[in-house]
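Each of the next two complexes has subunit A plus one more chain, namely subunit B in the first and subunit C in the second.
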Partner chain A sequence: MGDLTTEVLVIGSGAGGAVTAAALAEAGRTVTVVEEGPWVDPDEHEPFSLAEMVAKYRHRGAGAALGNPPIAYAEGRCVGGSTEINSGLYHRLPEHLAQEWRTTYGIDEFSPEVLDAYADRVESQLSVARLPGAPPPSSAVLERGATKLGWRNVEFARVFSYDEAGRGTKQTMSRTMLPRARAAGATILPDCRVVDLVTRGDRVVAARCRRTHPGGGVERLTIHADHVFVCCGAVHTPALLQRSGIRRNVGNGLKMHPTIKVAARFPHPVDHGDVPMHRVTEFSPFIAIGGSASRRGQVAMALADTGQPIDEAMADWENISTYYAAIRSEGSGRVVAVPGLRSPVVTYSLTEADLSRLARGLVHLGELLLAAGAIELHPSVTGGRVVRRLDELGTWWDQVTRSRANLMTVHLTSSLRMGEDRRRTGTDSFGRVWGFRNLRVNDASLLPDAPGVNPQAAIMAIATRNCDHFLADA
Partner chain B sequence: MTTDNEPAATTDPVPSSPPAPTVVVTGSSGWLGQNLVRALVGQRERIRCLVPTDDQAAPLALLSPSIEVVVGDVRDPVTADRLFEGVGPGAAVFHAAAVIHPRRGTREFFDVNVGGTQHVVDRARRAGAARLVHVSSNSPFGVNPSPDHVFTEDSPYDPWLGYGRSKHEAELIVRSAHERGDLPTVIVRAPWFYGPHQPARQSQFFRSVRRGRFPLVGDGTQRRSMAYTGNLVQGLLRAEVADKAPGNAYWIADERPYELREILATVRRALEAEGLPTSGPQWIPLPRLAARAAEQADRLLQRTGRYVQALHVLGELNHTIACDVSRARDELGYRPTVSLEEGMRASIRWCLEHGEQL
Partner chain C sequence: MLWFEREVVGALTTTTDQSIRSSVEAFVDGSLRDWPEHLRLGVAAESVLLGTWAAVRRALGRLPAGDPAALRQQLDRWEHSPIGPVRSYVRAMKSLVIMAEHDMLAKGAV
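Moving on, here comes the complex of A and B:
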């Protein structure tokens, strides 16, 4: 049983928590960061490999939102959170969304200009760059198919830095914001899970934790803090608040980008070391098309989604790469902490329009891949037709059903929402939880909706903004 | 070509370009499509028509040697390719294929109305079409806030249930295609229409009005804009050529909205004038509460993906759905010439000529 006192406690070390820790430590505050997952040397595992998945993902990458259909989701559980495992695509929050969110939720100081200024600052602190030289074959496929069909596509910038040989290193939180926080005096405690928060009236006074030691022993630790920032992501932030008795507008309204996949076989090898950086934006804001990590393990998992034998295709796995269509969804979900269970129950309901959009995305993805020269398409649909010709694609419309579609997501947001409209939000415009003076949320939970693009840039810009507000205020 | 289908000839000249010699029409076997295709016959060199099933191909192909029929599912990328194969640049495209009363649940709204629109827009662009005229609806705008309100082109979107949401998304796709800069598009929004080549549900409407069995919700002063198919075809053809049209959307309907009680009384008059004596009361009065209950039930069912046509229609009858056609007059030179009674009589005559028992 240990006790620890800090001025600012940051719970979680992903895109939200790491930014918060760095900003506040550099402003001279005494900061302690606790992270449930382990510290993993960023160079230890091959990027996008299965070994990395086991080491850095929650549940080894196998979480699922219950519903009809269930939707698998993946999130990081390590120092640096999901920034350690994602593809690092960087996209500022689209301006029209900032406008829409500002009016719908009554968010103060949320104009596109304000957000752009914060995005500028984030970009000056990270390295955001485009690939020097030609894209890898897996990404060139997207560009080639889109160009052939006249569909708009872009090469996304990524939070990568490149050396002179053009070798890229992803600028994860463990390589950027967390070392900065530490250099400014912050303490980072990995393997430390917060069980609940101790509240007294309108204040949080402490966090009760369980810290796992390298040898395996578990220590109870109570951390007393003047200010607490909860940054555990859209699933675990509301769960922690609920476990602490804080429930108003907490955990409902979860949003995500439901995603359907195709494993595409080409008559030539595709690379497997990187993740495609091209995206097809022709169907935005409803559908985004891109590519996923496609090492041997991911290819096998993607092929298995049709439920048909994969041996023949696996023999040729080096010619196979996986691609996806992700949608903006009308549906929403819930996070509910269940006493006695370590992880909350997550549910999500897709609407009929969502399902149709997924089917449409899959058909467009098929058109694109065939145009790019793919010779065989395996959809992530149980019993789904393996397509070799354009005239077979139409069958996918009726095969994408609630019982057969295998869906996943890597973007979860909106389980609290910020803004001054108290009926719709769990926090004020700057992440302070309603009813509390010193409890703040600073992560993807604050985004009022799924942004339709990779949310990391928006999370980091908003977190930086909220820190500025906190520093001016407290 | 019968006189019933002839688009009204008198339109005021507004700056316009010559019509395209080649046209592509989706939804050619539908209610509006049949009227449109007949108006195009004799006027254009090639009329490429999309129909969903084989049995609808032959009657169209017989109309004129200029008609080329393609059979296929508008959701299927290969259908879209075949529809535009060999069409060449400069064609006009009329996209009228859509589902309004789905048989397989609300998912069909989105598959066909959104998915089909995306394919057609995409192929029209690749084929270098001169213009795409998209047939939309009042449903992306919901219902008027009060009986004296009319929608204009500046009214905000407020989609009504599944159909409205699907047609809203289709409009957004059409608009964004225009904004890309390589496919000029025009959106034509039509409310409840009537006229020849009507589906069976419309004969049912005549039968129930004739026998005084059609429900009138409340006092019947809620208003409806209606569009005679001939008027609507004129609007579509003007949208194809008017120079000011690209990038815009227009309401196309009869000259003015009618009160529901006026519509029912007019239909009964039209039936009598065509030699079909009416019986019973003018209508069955129905309390607004019943329509509200139907609307609620429709909403709940649609939330679970189900669709019951009778509930949907009854729920909508409680509301005013009215629009102002001034902008189409000014910018397209649109002149609706057929009146409600005249149009309903043409519609009734068509039913009788086709052996329908009214």
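Moving on, here comes the complex of A and C:
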């Protein structure tokens, strides 16, 4: 059994944790980062491949929020967290949400101007850029369909850097913030799971960990810290706090972007190596339309969602790509750490309005893809009609039911909201957990709601803001 | 992996390439081990129940023994079952198998 002492302990190394570690280490603090997952060379696996899922995803990508219907979700579990596995799309928090959240939850220093200033700083530290040159065919499909229909669409910037030949490299946390933190003296411990936090009165005094060594041996490690930042994401941050006996407004109100998909077949080949960077914003903020990873395995899985044979379509798989409609949901969920279980139980309840919105999103997605030249659409609905013409799309309205819709998400938020309204929040306006002087949360859990766009930019800006507040306060 | 799960994986895998079949089975086995305990427990319980049901049907001569195509048809029926967990069971197993098999086929080598 080992003991370690640090000034600041950061638990988790994703978008929230890595930003926290870099900001505090560069401010001269002694920082230790612990990450449950392994360190994986970011160039070792092809993006969205099976090998990457095994190496970098929690549960190999097989998380599920229980409910009717259950909703599959995926999270990263490696140094760099979900930034290592996502598409890198970057979108600042919409201004109207910052204003709405500030008012509803009583969040101090949360004006759009303040958040924009922090976003500026994050963007100066990362490379946020649009694709140089023409978009790939899978992305151009979205632009073409939207333009034909007169719908708003946009090419999103991504956290990518491009070389002179236009080759992009995703600026994951393992390539950016974590090396910065390390250069400023931070220590990063991979394969180190925090079992619980040791509290004394209004302070956390230590974290009890289990560290797995390369040979497979497991070491018990106690890390003593003056300040603790929990940044394990919207599922595992509340679970860790609950395991540590901290339960007030912790794990309630989980939000996500439930997503329904279509596998679209075109009369020409589409690319499969990247995720489309165009998004259709015509129905924002309630419905977003975009493209998904479409390697052969993902195309096959999407086709199989109808429950019909896939052999004929798979013979033409190079002409097929997958697209989605994601909604801002009225429903909510819970994260519950069950004693004796390593993984928390996650639940989510969709409302009838959510289902209706998903059906609407699916139909709009179908309209868009047909307008873009798709010749066959396979919805992620068991028994869902394979559509070839516009007049067939109407059948989808009635097919998106609780028993037939196959839903997933990659955005989970809001399980420990921030703000000064103590009845509704788990932390103050800057992530400090109510009732504790030295325990802070700094990740997607803090967002009061799912933002309707990829939350990485909002997480990073808010984490930077909270670090500034900590440095001024501590 | 339980006996019925192995049978389901075998029935859902379409390639005749034995090395890919073995790799798919190994991937599904690893995935099930890696799942959250409560999900794994639920799937294991369903495997026992559905496997027993299939065994009884075979004993009565209503489901051909050693016939992957017959089991695949049964799985197709379960995928449309009115019982949610039964539908989820089939969808989960199908997703694992199909994703793994086609990713491996794309690579052309295992």
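As a convention for this text, the second predicted complex is superposed on the first by the 474 of 474 C-alpha atoms of A that agree within 3 Å, B and C clash if a C-alpha of one lies under 4 Å from a C-alpha of the other, contacts with A are read in each partner's own complex, and residues count from 1 in each chain.
As a convention for this text, contacts are C-beta pairs under 8 Å (C-beta built on N, C-alpha and C of every residue); 3 or more make two chains touch, one makes a residue touch a chain.
These numbers come from a predicted model, not from an experiment.
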{"item": "Touching partner for A:382 - first (subunit B), second (subunit C), both, neither", "value": "second"}
{"item": "Larger contact residue set on subunit A - subunit B or subunit C", "value": "C"}
{"item": "First, second, both or neither for A:149, with subunit B first and subunit C second", "value": "first"}
{"item": "Partner chain in contact with A:62 - subunit B first, subunit C second, else both or neither", "value": "second"}
{"item": "Touched partner set for A:360, first subunit B, second subunit C, both or neither", "value": "first"}
{"item": "First (subunit B), second (subunit C), both or neither touched by A:70", "value": "second"}
{"item": "Touching partner for A:286 - first (subunit B), second (subunit C), both, neither", "value": "first"}
{"item": "First, second, both or neither for A:390, with subunit B first and subunit C second", "value": "first"}
{"item": "In the complex with subunit A, residue positions of subunit C that touch it", "value": "14, 27, 30-31, 34-39, 76, 79-80, 82, 84, 87-88, 91-92, 94-96, 98-106"}
{"item": "Subunit B partner contacts - residues on subunit A that touch it in the complex", "value": "149-150, 152, 283, 286, 352-353, 355-357, 359-360, 363-364, 366-367, 390-391, 393-394, 397"}
{"item": "Of all residues in subunit A, those that touch subunit C in their complex", "value": "49-50, 54, 59-60, 62-64, 68-70, 295-301, 304-305, 307, 310-311, 314, 317, 338, 341-345, 382-383, 403, 406"}
{"item": "Subunit B residues within the subunit A interface of the complex", "value": "73, 75-79, 81, 105-107, 109-111, 114-115, 118, 122, 125-126, 162, 165-166, 169, 180, 182, 305"}
